[in-house]
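A, B, C and D label the chains in the order they appear, each numbered from 1.
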Amino acid sequence: MMKHHVAVAAGMATAAWLIGAHPAQAADPIKLKVGTQSLIDTAPFEAAKAQGYFLAEGLDVEATSMVGGAATLPALAAGQIQIAASNMVSILLSAEQGFEFKIIAAGDTTADAPPDLAGMVTKPNLVLTSGSDLEGKRLAVNTRKDGIWLYARQWVMKTGGNPDRVTYVEVPFPQMIDAVQQGRVDAAFVVEPFLSAGVKSDTVHVVAWPYSAVLSHAPIMEWVAAKAVIEANPDLIDRFSRAYNKGADWMTRNKGSAEWVQLISSYTHIASDLVQHVSPPLFPTTVDPAQIAKVAAIMRKEGLLKDAGVNTDDLLYRTVLPHAQ
Amino acid sequence: MDRTGSRLLPGLVSFVAVLAIWELAGRYRLVNTVLLPPPSMIAATLWQIVRTGTFLAPLGQTFLLLFVGYALACGFGIALGIAMGRSEPIYCFLEPLIELMRPIPKAALVPPLFLFLGFGATMKVTIVALAAFFPILIATIQGVRGVDRIALDTARTFGCPPVRMIFKIILPASLPMIVTGMRVGLGLGLIVVVLAEMLAGEGGLGYLILDMQRSFAVRQMYAWIVILAVAGLTINAVFEFVEARAIPWRSK
Amino acid sequence: MSAFLSVDAISKTFTVGKQTLSALGRISIEIERTEFVAVLGPSGCGKSTLLQIIAGLIPPTSGRVMLDGKAVTAPPRDMVYLFQQYNKSLFPWRTVLDNVAFPLEIQGNSSGRSVRQRCLEYIAMVGLSGSEDQYPWQLSGGMQQRAAIARALAAEPSVLLMDEPFSAVDALTKLELQTLLLDIWAKHRLTVVLVTHDVDEAVFMADRVAMLSARPSTIASVTDIALPRPRDTIATRESASFLSLRHGLLDTLLKKDRPGPTPDEVRVTMDGAAHG
Amino acid sequence: MAVEVGRLLSVPDTVGTARWFGRLRFPILRTRVTGFALVVALLLLWECSARLGWMVSQNWPPFSLVLTATWRGLWSGELAAPLAASMARMVSGYLIGSSCGIVLGLLLGTVRVLDRFVTPLIEALRPLPLPALVPPLILFLGLDDALKIFVVAFAVVFPVVVSTVGGVRDIDEVLIGTARTFGASRARTLLRVVLPAAMPSICAGLRISLSLALVTTVVAEMIAGSSGIGYTILQAQYGLRPEEMYAAVLCIAVVGYLLNMGFVLLERRILRWHQRADADV
């Protein structure tokens, strides 16, 4: 279905050029359907869109944004969209189930050191410094078998606790601070902007940064496309990747500026004064295969992936490999 | 017996037809088999789940939530419906609130419910009860208002006191209507219980379906959806069975 | 001075929007114990309203109803109302037997076998034996009204109020039911108030016929019906006095002062037909 | 002199409601004034609970802020635009679903064979919850309008089919017989007699599905896609702007109320011949 889309668009562009309807332009921009999420993690994409980088590459990007990412990968597999943003854990899970995707653009990673885009919080009066302190307590995670849950368990283990002795309660991110404050859970592993808002209002305090503690430069979100699409249109992927990377550079360059705040606030709908407090992730333009392998290893350890598992090197398309730069 | 057979057969035929088309579409790669696996593969997974009995606990959990919420909805819906149907002041007092609450999607009520009730069974039961409550309430009000004056007068001439009137006349007379509302409410309750489990789950069919979906275990997801559909069909069948016996006076 | 059932200067006005409608204007009538009184009037004259006031179903605007020396403010226990719309009055969710048992249930003496036995007796009395386990919708109109009568009897009332009870059944059934009801009336020594627009029925059944005028209704006349009892479906209707009473009442009712045939002439014709 | 309930109701109180609740001296109790007062009181309670700290949460804004957010959103278009987008989807899905439902219902109600073959399939699909259906649907319909309109139509179809079949089955044989004796063809009888006679029942189904359509639209927009009021609700929630989330919910409530009212008025026109004890506006 996707092939048709591109083919038709390309065909029409060629036809237009042949007929000479638009003699001044080489071709009409190619339509590209992208599934994204309104999170801070996808900021480079929004920056590239806002700065006109996609258009400059001859791409007319039509974005469908989703709050929960569950629907993006099926839509990608169905060929309803050509490129999608998805979190690393989901990508690995889908790869194991036979979805043939490749990472074509880098998303975001945590930095070398805290603060991360997500932190573990408790009520201000609770002292909780290690995983063993968390044993027998209730920890709010957004969903089990997902990134937050995975890193929370690793952190508990790494700081001397038994992750199986912690009760994981599924709570949507927006409700986590309330859950802690009302004592329905003892701690929560919560993302921005809820993290900053909670800390700012003194209802919670951060006790740990599990992402950084477990894995520095932990990959969070990546951009993927179906193998078939990549093989059929390598040029399309190159164009997307080039434009996207410019967006990533823009994000890095303008970090903390008024425009930067404005951009994030505009598509996430987070108030700009809150955006200023948010500690953003890194937006690299390449993906380190070793990091992906580490995530896969963690997932294997937790039983999310079988031992035979996926070959993580296969997941990376040349546009995200360091030597391609 | 063979009459039941001749009634069930056509339905079975169309089921088989649909499954066959689906299967063939998969075999001939007309659809993406990763996303929509052919029925034979789903059946194998389903058999695995059924054989090992793993479906029992989640099913029981979902049913329990549904029934507690539904029972609350029936109790409150019918009681309030009778009060509102019989008393103009009570009707006028509650109608605007109810009409404003009714169109709000229950999913949109989740944040405040989270806030006040937490994310345990209480919240899920409440949201199921809320979903099933409105159709039952509306049907009861209509049923109670539709009770024939003569039936009421007849009971009064025999000296029936008001409270007994509710149980002896108003309830049975509006029962067909109430049951219609209860049927609609049950359908909504079933949908919402699954939704609630998806929003804040700890086991249960809705949670499992979402969980399978999130971990891209597509075949398992469909297997659980089939279990859910069968559970829904069973509940409906039981409801109709009970309904036919609860209203034996209904002609035809 | 005060009769068993006395209607004392009853009036009733309804308010519809801003209009007031005077339905009944000062109606008084005294009814003795075991008396059979028919209230006759043109349609829309408020006959049913009057009967419902007597039954205590609706309050009068002024005046009062006394039953055995007590004012009626709510439906009294020993007074039963038989509705014209038997199909709505019978409870569709109850079988014939359960419908008949209803008054006993309400009176609180619903103890086991004896109740069932008594109900079956009443059902037999109205000729419905064998249909006791059927639901109302399974019965014909006449049978439904019989069931309603059985239920009324089960309440063991002393007064039976009937609102055009036979106007919705077919002509033959109507004759059967009239006789049936007269039998029951005599046997149970009931006091009956029958509201009807059927002059034949009123004359055939009643001891006295009270004629209502058009709205606001008052009692235009009260006619004593001195026909011998027991009355016979065919013979009584052919008697000269029956025809004469019928003529007089119809005449008033239709407000025709054209010279009609005299009762004698009618008899001659009828006799001739009978003998020919 | 006691005020009689009958007078206030403009009809004689033959049912005896007066005795049920005593004689009412306050006609105001029979108007919706009390009901709206209750709503206002609850909203005041909301306001106080947030202002006075009875409920402390970032997700619990005072109602006054919700009102100003609604006002702002409607004028700036931040709320008006998604609302319009949702309404467009809802209406398309509703129209498609209800027309399919009526046609299917008429067919199933009159053609026995079809009923036997198709009804079991419908019964099996009916209890499936929307979120479970979305993944396979994405395969064919994508993430955008087509998906959402289909899902709404899908939700609307069932109640309409059920009520149409019910309405058709309940039609008096005499009515159809009458039409046939006048020489009306089967198709004409279906359109001119069966359809109007089943209309009261169909309308009941249409009305249930109207609120269902609204709910489904919102939920579908929450699951996938980046426009519409459902998406706005989620985005406001994840953007930590609870007052905007409640503003969106408020809009849905009001729209739902108005839709229902509009439908009842329309129904009264369509079914002028049909008497029903209905005071549900």
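We adopt the following convention: contacts are C-beta pairs under 8 Å (C-beta built on N, C-alpha and C of every residue); 3 or more make two chains touch, one makes a residue touch a chain.
What you see is a predicted model, and the numbers here were worked out from it, not measured in a lab.
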Greatest separation from subunit A - chain, by CA centre: C
B-D compared against B-C, more contacting pairs: B-D
Chain centre separation (subunit B, subunit D; CA means) in Å: 17
Whole-Å gap between the CA centroids of subunit A and subunit C: 85
Inter-centroid spacing, subunit D versus subunit C (mean Cα positions, whole Å): 49
Numbers and ranges of subunit C residues touching at least 2 other chains: 52, 57, 74
For subunit D, residues contacting two or more additional chains: 14, 16, 19, 57, 59, 135, 138-139, 222, 237
For subunit B, residues that touch 2 or more chains besides their own: 32, 35, 111, 114-115, 153, 156, 210, 213, 218
Residues of subunit C defined as touching subunit B within the complex: 52, 55, 57, 74-77, 79-81, 83, 85, 88-89, 91-94, 102-103, 105-107, 135-138, 155, 161
Subunit B partner contacts - residues on subunit A that touch it in the complex: 70, 73-74, 77-79, 90, 93-94, 96-99, 143-146, 169-172, 174-175, 178-179, 182, 184, 304
Subunit D to subunit B touching residues, read off their complex: 9, 14-17, 19-21, 24, 29-36, 38-39, 42, 55, 57, 59-60, 113, 116-121, 123-132, 135-136, 138-139, 159, 208, 211, 214-215, 218-219, 222, 230, 233, 237, 242, 245, 248-249, 252-257, 259-260, 277-280
Parts of subunit D lying in touch with subunit A, wherever the complex brings them together: 56-59, 134-135, 138-144, 222-226, 231, 234-241, 244
Residues on subunit A engaged by subunit D in the complex (per definition of touch): 35, 38-39, 63-68, 71, 74-75, 77-78, 80-81, 173-175, 177-178, 181, 193-194, 197-198, 201, 203, 268-271, 274
